[in-house]
Amino acid sequence: MNFWNSLSSTAKMVAGALAAIFVGLHIFLAIFYFGPFWFGTHTPTQPIAFSHKLHAGTNKIPCQYCHTLARRTEAAGIPSAEKCMNCHGYVKAESPLIVEIAKKFENKEPIVWQKVFDLPDHVWFNHKRHIKKGFKCQRCHGPIEKVDVVGRSNDFKMGFCIGCHRDNEAPTDCWTCHT
Amino acid sequence: MGKIKVKLFNYKKQNDYKWAMTIDLDRCNGCGACVVGCQAENNVAVVGEEQVEHGRNMQWLRIERYVEGTYPDVKVRFLPMMCQHCDIAPCESVCPVWATYQNPEGLNVQVYNRCIGTRFCGNNCPYSARFFNWYDSKWEKNQENQLNPDVSVREKGVMEKCTMCMQRIRRGKDLAKDEGRPVKDGDIQPACAQTCPTNAITFGDINDPHSKVHDLAHSGRAIRLFEEKGTHPAVLYLKGGSGNVY
Amino acid sequence: MDRRRFLKLGALTASTGMLGACGQTAQQIVPFVNPPDDGVNPVDGFWYATTCKECNAGCGVMIRTVDGRAKKLEGNPGHPISGGKACATGQAGVQKVYHPDRLKSAMLLSGERGSGVYKPISWTEAVTVLSDKLAGAKGSVFFLNNGSNDVTAGVANAIFKDSEKFVSASNHDAGAESLRQGGAALTGLPQTPYPDMANADFSLLLGADIFEWDRSPVFYSRSFGASRRDRPSSRGRMVYMGSRLSSTAVSCDKWIPAKPGQLGIIALSIASVVVDGVIEKGLARAIPRNTLGRYSDALRKYRPERVAEKVDVDAETLYKLAAPFVNEAPAIVIAGDGVTGYSNGVAGLDAVELLNMISYEIGKEKLTAKPRSTPESDQDLKDRMLEWFGPAPRKQTFAKLKSLTEKMAAGEYAVGLIHNTNPVFDTPNALKFKDALGKVAFVVSFANVMDETANQADLILPDNHWLEGWSAQIPDFVPGVVALNLGQPVVQKFQETKAAADSLLEAGAKAGLKIPAANGEEYIKKVISAFRSEMLEIPPALSDKEAWNFLLRRGGSWPSENDTELTATPASDKLWAFKGNLASDEPVFEGTNDHPYHLHIYQTVFAGRGSGVNHGWLQESPDPITTVMWQWWIEINTGEAGKLGINEGDLITVSSVHGSVTGPAYLYQGLRPDVISIPAGFGHTNYGEMANGRGANAMDLLGLSMDEASGGLAARSQMVSVKKAGGSVVLLRNGNPDGEDKGEAFQL
Amino acid sequence: MSTSSGHAHGSAEHKAAFNDLTDVEDIRDPEAVPEVVRSTYDDADIFRDEKEFNDHTLRPMFYTTKAYFIFVIALSLIMAQGVATFAVQTYYGLGQTNMHEPLFWGSYIATFVFWVGMSHSGTIVSSLLRLSHANWRRPILRAAEAMTAFSLLVAGLFPLIHVGRLWRVYYMFPLPNQRTLWPQFKSPLMWDMMAISVYMVGSMTFLYVGLIPDLAIARDRAIANNNWRQHYLKFLALGWRGSNREWMVYNKASLFLAVIILLIAPSVHTIVSWDFAMTMTPGWHTTIFGPYFVVGAIYSGVAGVVTLMIVLRWLFKLDDVIRILHIDALGKLLVVIAIIWTYFYVNEYIVTWYSHKPEEAHMWAWQGERFPHLLWIMLGGSVLNIFLLSWSRVRRNVYMMFWMSLLVNAGMYSERYLIVVPVLTRRDNPFMWTDYLPSGTELSIIAASFAYFIFLYAIFIKLFPIVTMADVKEGVVISGDMKIGRHSVRVQARE
């Protein structure tokens, strides 16, 4: 404290400014990198209020019953309206949301869903490989069967991918995911 | 995130594949199909006349041509030139951010999203096979519809080069893995090899003694460019024909 | 705004702003309403078989589509022409679907002709306009295309075939007519001769730029590769004779510059040596001695010593060239524009075919069983099938186009239908096609990008891109067999376009004309059902629908490899009966004494006749020989340029009696000093931003000399003069002018 | 601290506290020393007393003319357009330059090497002369050290200007991160970044430590005049009072730093040379580049010092401090360095000739063919100097020296350009041979870099003492006659 007092007012100002910049920079970096984890997730409003909790949780429908492409292709895919109508032609056909889907299905009008999980363009991810290896969907997508409205529970930073690849002795060559 | 191992690239598992390519100069007729095929496959942008004036035409694969002799004894030779995927690549050691390195399958990797554009690698490539994005890639209106979804579109300020159609290799390995077998010779073809009308380009696993590329590489005709530089390219050129014409 | 962009801007905003930046932009995901056939991989994409229509060769191709967008073209591995391979122009064809210049709807002229003022109209309106005009024309209609036999031509023919005035002409590659006519005298088969280069030990290319824009660059390239290195026993050798070291010539082992227009004589000269050599070697086993003797006498006047000076090739070289024909047959001769581009084209081709036949007789025992031309039984089938696709190509000569133009100029036509060709741009200036077109009462163009001809039309009905619609084609150039190429819509329509055949059929129906089918697709199905029994390739057990799907999956119908073994040509009979013209006519050149240079117009690999000039990939691909990009040039021999004081890039004016063009000079060692060589296809004035104003149109120089025997244009018989125009430009070239010649650095 | 003032105005308590024989206060007492007779050198007048000396040397700092402001504003304008061009270049992409494949490095890197070279003499000369006790060094030290610091600041910008993705440049730093990705430590650029950072810190410290006593003098003056500079001077002078212990520590520190800097500096430029020498490119791939670059750097740096000295001398009428003698001495130094440099230069050719490598030989031929003007400037500026500077009349002629020092630097800039550009225009692959001229963007940014350097210097002059006052005073030998008994003895005292 003695030293601090001994400084001139200008010096105090300079020191204060330096400290502020230092702290500010760290806050910036912290928010930049960890912001998504702290300030919630990307939770868009979907055109149809589909509940994963109801389907996957309560009714225990396997994920890949709807997301059929996950085990066959790189993309998990969103089920077609036809798939919805397979069941909902009979099950709860009068529910207003189902009626909405049914109407769109009749008109051959696709439902425009909002993407929740997204990877940057320079990343190539293959669902098939991971499903075939036996990973549960929840491992990356979080406890999706427990929520009504799905939000982004994972930001898919490179560290997440790399960590898991290391643990499982999967290739960590850059071109495994990037081209 | 799990425990962090300091080891950067996990080379513990020795990979069986060692990709290589042979280009038969005796077959090449310089038609340029590979050049356009490569552009179509890899989202290589058309830079436009103005940039060409600056010497910035971007072709991962270009056909060099050399005129020798004077009329009437003129000989013109074609030399398809792309990234040679050197085993001891001069470009790799100079990149300060490790955006380019040798991958376990013998390919020279360029990671666009790691690259900061010091362009040192381009300076150190004796083959001049690396290209820099001086501007953001632009596509004429509507033409982005044709872009290949497997290949990222490069941003301005990064280096790029031939990847031996990594996306195709990846897909080929993926399909082989589904069937629980190693990749067969001929499963994977880069765009240039697939399109080459004279079959001058052969791609394959040189570690596989039964592969075509292995045969050609050991046919006695194979040479490497700038052998004296000791870069050990994975691209082998097969020398031209005999002198007896008639 | 993604993270990267955020940092780029370097803004230090509050955390809320930052969060917006971190959360990547929400994207939408639109699933199918009805999923496609299960088990396919939507990310890898779907592969469809179809037919490339970028040129008339008819390569079967596979198209990769993802999300309804075409991504990549590859050759169809089973197809007899492409064999799984593709060329640069074909590769670029995919991107033409998404070309920025594509017309967006049907358009009706609302200003003066040539003003380019059009108003968009609906398709119903457009079809009504067309049907009114067709009804009013009372048959005085002409149809003009690029010589491909496709559904549109077939439909037009079928609708108007009862009308006497109707003419279906074509504007296709100069020289093709002669090629088809050539060999007619010998083989009696009026079709393009098919040289089996793949199995030849030695190929002599007489002015045949087979890798550039000849009949099928892809097929020839495949044959070239196969000849060179696919046969373990020997490496195929090639010698090219012609006035320019083209990119084909470059690939050959030797280039011998011969005098323009004299290549037929060279063939005869070689034949004379071969015949005598065969007699000497006692190979009469293959050819009866008396036949040979007859030829020997007839060919005596073409002995190398006698013609050496005339053809500008020394006698020793000619003797050397004959050696492979005697010793190492099968050796073949391939003729190209260098033979057919002169007024003695057919005579030259006869000579070439004679040499080919002799060579075949000598070496046929060594040949693998591959046919050299279509057997007569197949030819009949082909002819009958071709009737469904417009006039047979061999009837589509330049002479026919010329007479059509004259009739047009006389005002005899009420309606002109122009499909897939640009005659205003790429016919010789001397033809005055544009003026003649002005005399036609109503011109309909089916172009899907604006071009010079469409700009003269009253009504533009944009055709689909070939990836968007149905097509069928009997490829003219298929080794030895009849094939049917099918094309299907592989991508969603990108613009409001309509297949030309559909527009015609709809309008025809509305006008009360007799139409052959409801639409193009039905038409193709009709063809298939008519010929199904004769096309062995469809398994007989399949129902019609299954057969259709079978063909679509395959991309068409052609015999499998095994079938072709049966169809080797019995050439001998023809040879014995040969009484053809052994005299070679002198070529006639057009030009006065002050035009000392031969004009050599050629099609570059990328620009073609002009269709590639509006495409970025093709424009930016360096020309194989000059490595010029984005530009047009005039080639002149280096030594000759030195004499004239011309340096690279200097602007020079080339003039003929018909016109002149000015452009930058490219100095080339591989060109005869008495030849000026100019690439065609440049100098567009109305072909989109990318093409307009690039160079000048070489067709301005060309007259109308024809080869009377075939009715083909003698495009090489023009003489020109050269002078410096002052000024110079920098040629944009890949590779450096100082460095490009230093090939020894690689010591290959 | 606020209560204390400098030793010159020390209170009685202070005097008592530091009552020491060596206390400067005592010796400088006019009564104790009757008169300052003369300096060690005989070619200049010496100031009659310290105050006059201080007045004179601090004048540039405290007295500012209108011309100065105009000058600084002009510099700022040049800088501003450079910054604007740079902003445009960053926004649109490096296509704004004229670089292209395979010439990936152009004038930016040449200028970078030039500025790194410029930075060399300052500290090397300073530390070398300090260590060797060369007396003539004294007035030029500050200017030289400042030059080092500023040219490094300017040089450090060039890699940033040069890279394609400025916003990702932090990938170069060995920051631990979630991906466990590290920089490539094999890359000469990586070493370069490390070396330059170390050198920057080192030379800044060296400059600052050397400044401390002078800062104290200036501080006292500022306080006395109630000048606004007192605020930062108080802070930066670290409460220097000039006590014996302080001087002791100070001397030790500057010696220590001098030694360290002397080790760092050559290594830095050697590493810069490795950016080239570690590649496989003909014309670069040579072992001589390390010492060659270092000598070249010192050469251009010393010439830079000469230019600066003469400019300062002229602008601020410092003829009394920066005397012909100093310029003469620097000229001699230049001759020595020029000879060494020429040796290396010729050596490079000889090695090429001896090795019989056609590509290298071609490279040199091309250099002469394509850039004869630059070659002549380089040879004229550097080699011919040896002969001219050997002549003392030239060395002692300020005008001649000014132009010659500029010529040396023009020559050295050409040399950098000739190292970077011709080699890249003639790469291994003859198909890709090319040509290059800098674009407007490049020129404007380079011009701005020069303006920035001068700007920094101009600002420095106004904020800090430009002449190494303490060091000069240290060198001034005070001599006089002192009566010891009956004899008058000639004595010398050294401050």
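Lettered A, B, C and D in written order, each chain numbered from 1.
One rule holds in what follows: contacts are C-beta pairs under 8 Å (C-beta built on N, C-alpha and C of every residue); 3 or more make two chains touch, one makes a residue touch a chain.
Computed from a prediction, not measured in an experiment: that's the story for all the values here.
Participant: Quick check on this structure: which chain has its C-alpha centroid closest to the centroid of all protein C-alpha atoms?
Facilitator: B
Participant: Could you compare the number of C-beta pairs in contact for A-B with that for B-C and name the larger?
Facilitator: It is B-C, judged by the count of C-beta pairs in contact.
Participant: Whole-Å distance, chain A centre to chain B centre, using C-alpha means?
Facilitator: Once rounded, the distance between the two centres reads 35 Å.
Participant: I'd like to verify one number: the distance from the centre of chain B to the centre of chain C, where each centre is the average of its C-alpha atoms, in whole angstrom.
Facilitator: From the centre of chain B to the centre of chain C is 31 Å.
Participant: Could you grab the centroid distance between chain B and chain D? Build each centroid from C-alpha atoms only and quote it in angstrom.
Facilitator: Between these chains, centre-to-centre, one finds 46 Å.
Participant: List the centre-to-centre spacing of chain A and chain D in whole Å, with centres computed as mean CA coordinates.
Facilitator: Measuring from centre to centre gives 54 Å for this pair.
Participant: Please list all residues of chain D that touch 2 or more other chains.
Facilitator: Touching at least two other chains: 168, 178, 180, 428-429, 431-432, 434.
Participant: Do you know which chain B residues sit against two or more other chains?
Facilitator: 1, 4-5, 64-66, 79, 114, 155
Participant: Counting only residues that touch at least two other chains, what does the list for chain C look like?
Facilitator: Residues 4, 43-44, 735, 740, 742-743 of chain C each touch two or more of the other chains.
Participant: For chain A, which residues count as touching chain D in their complex?
Facilitator: Residue list for chain A touching chain D: 6-11, 14, 33, 157-160, 162.
Participant: Help me check something: in the complex, which residues belonging to chain C touch chain B?
Facilitator: 4, 43-44, 66-67, 69-75, 84-92, 94-95, 97-100, 102, 211, 217-218, 221-222, 224-226, 228-230, 235, 237, 239, 245, 247-248, 250-251, 253-257, 320-321, 323-324, 494, 605-606, 616-622, 624-625, 627, 629-630, 637-639, 669-673, 730, 732, 734-735, 740-744, 746, 748
Participant: Where on chain A is chain C touching in the complex?
Facilitator: 28, 31-32, 35-36, 39, 42, 44, 68-69, 72-75, 77-83, 104-105, 108-115, 118, 120, 152
Participant: Residues of chain B touching chain C in their complex?
Facilitator: Residue list for chain B touching chain C: 24-33, 35-37, 39-41, 46-49, 52-53, 57, 59, 62-72, 74-79, 140-149, 155, 171, 191, 194-200, 223, 225, 237, 239-242, 244-246.
Participant: Which residues of chain D touch chain B in their complex?
Facilitator: 92-95, 97-102, 104-105, 159, 162-166, 168-169, 171-172, 178, 180-184, 186-190, 193, 275, 278-281, 424, 427-429, 431-432, 434
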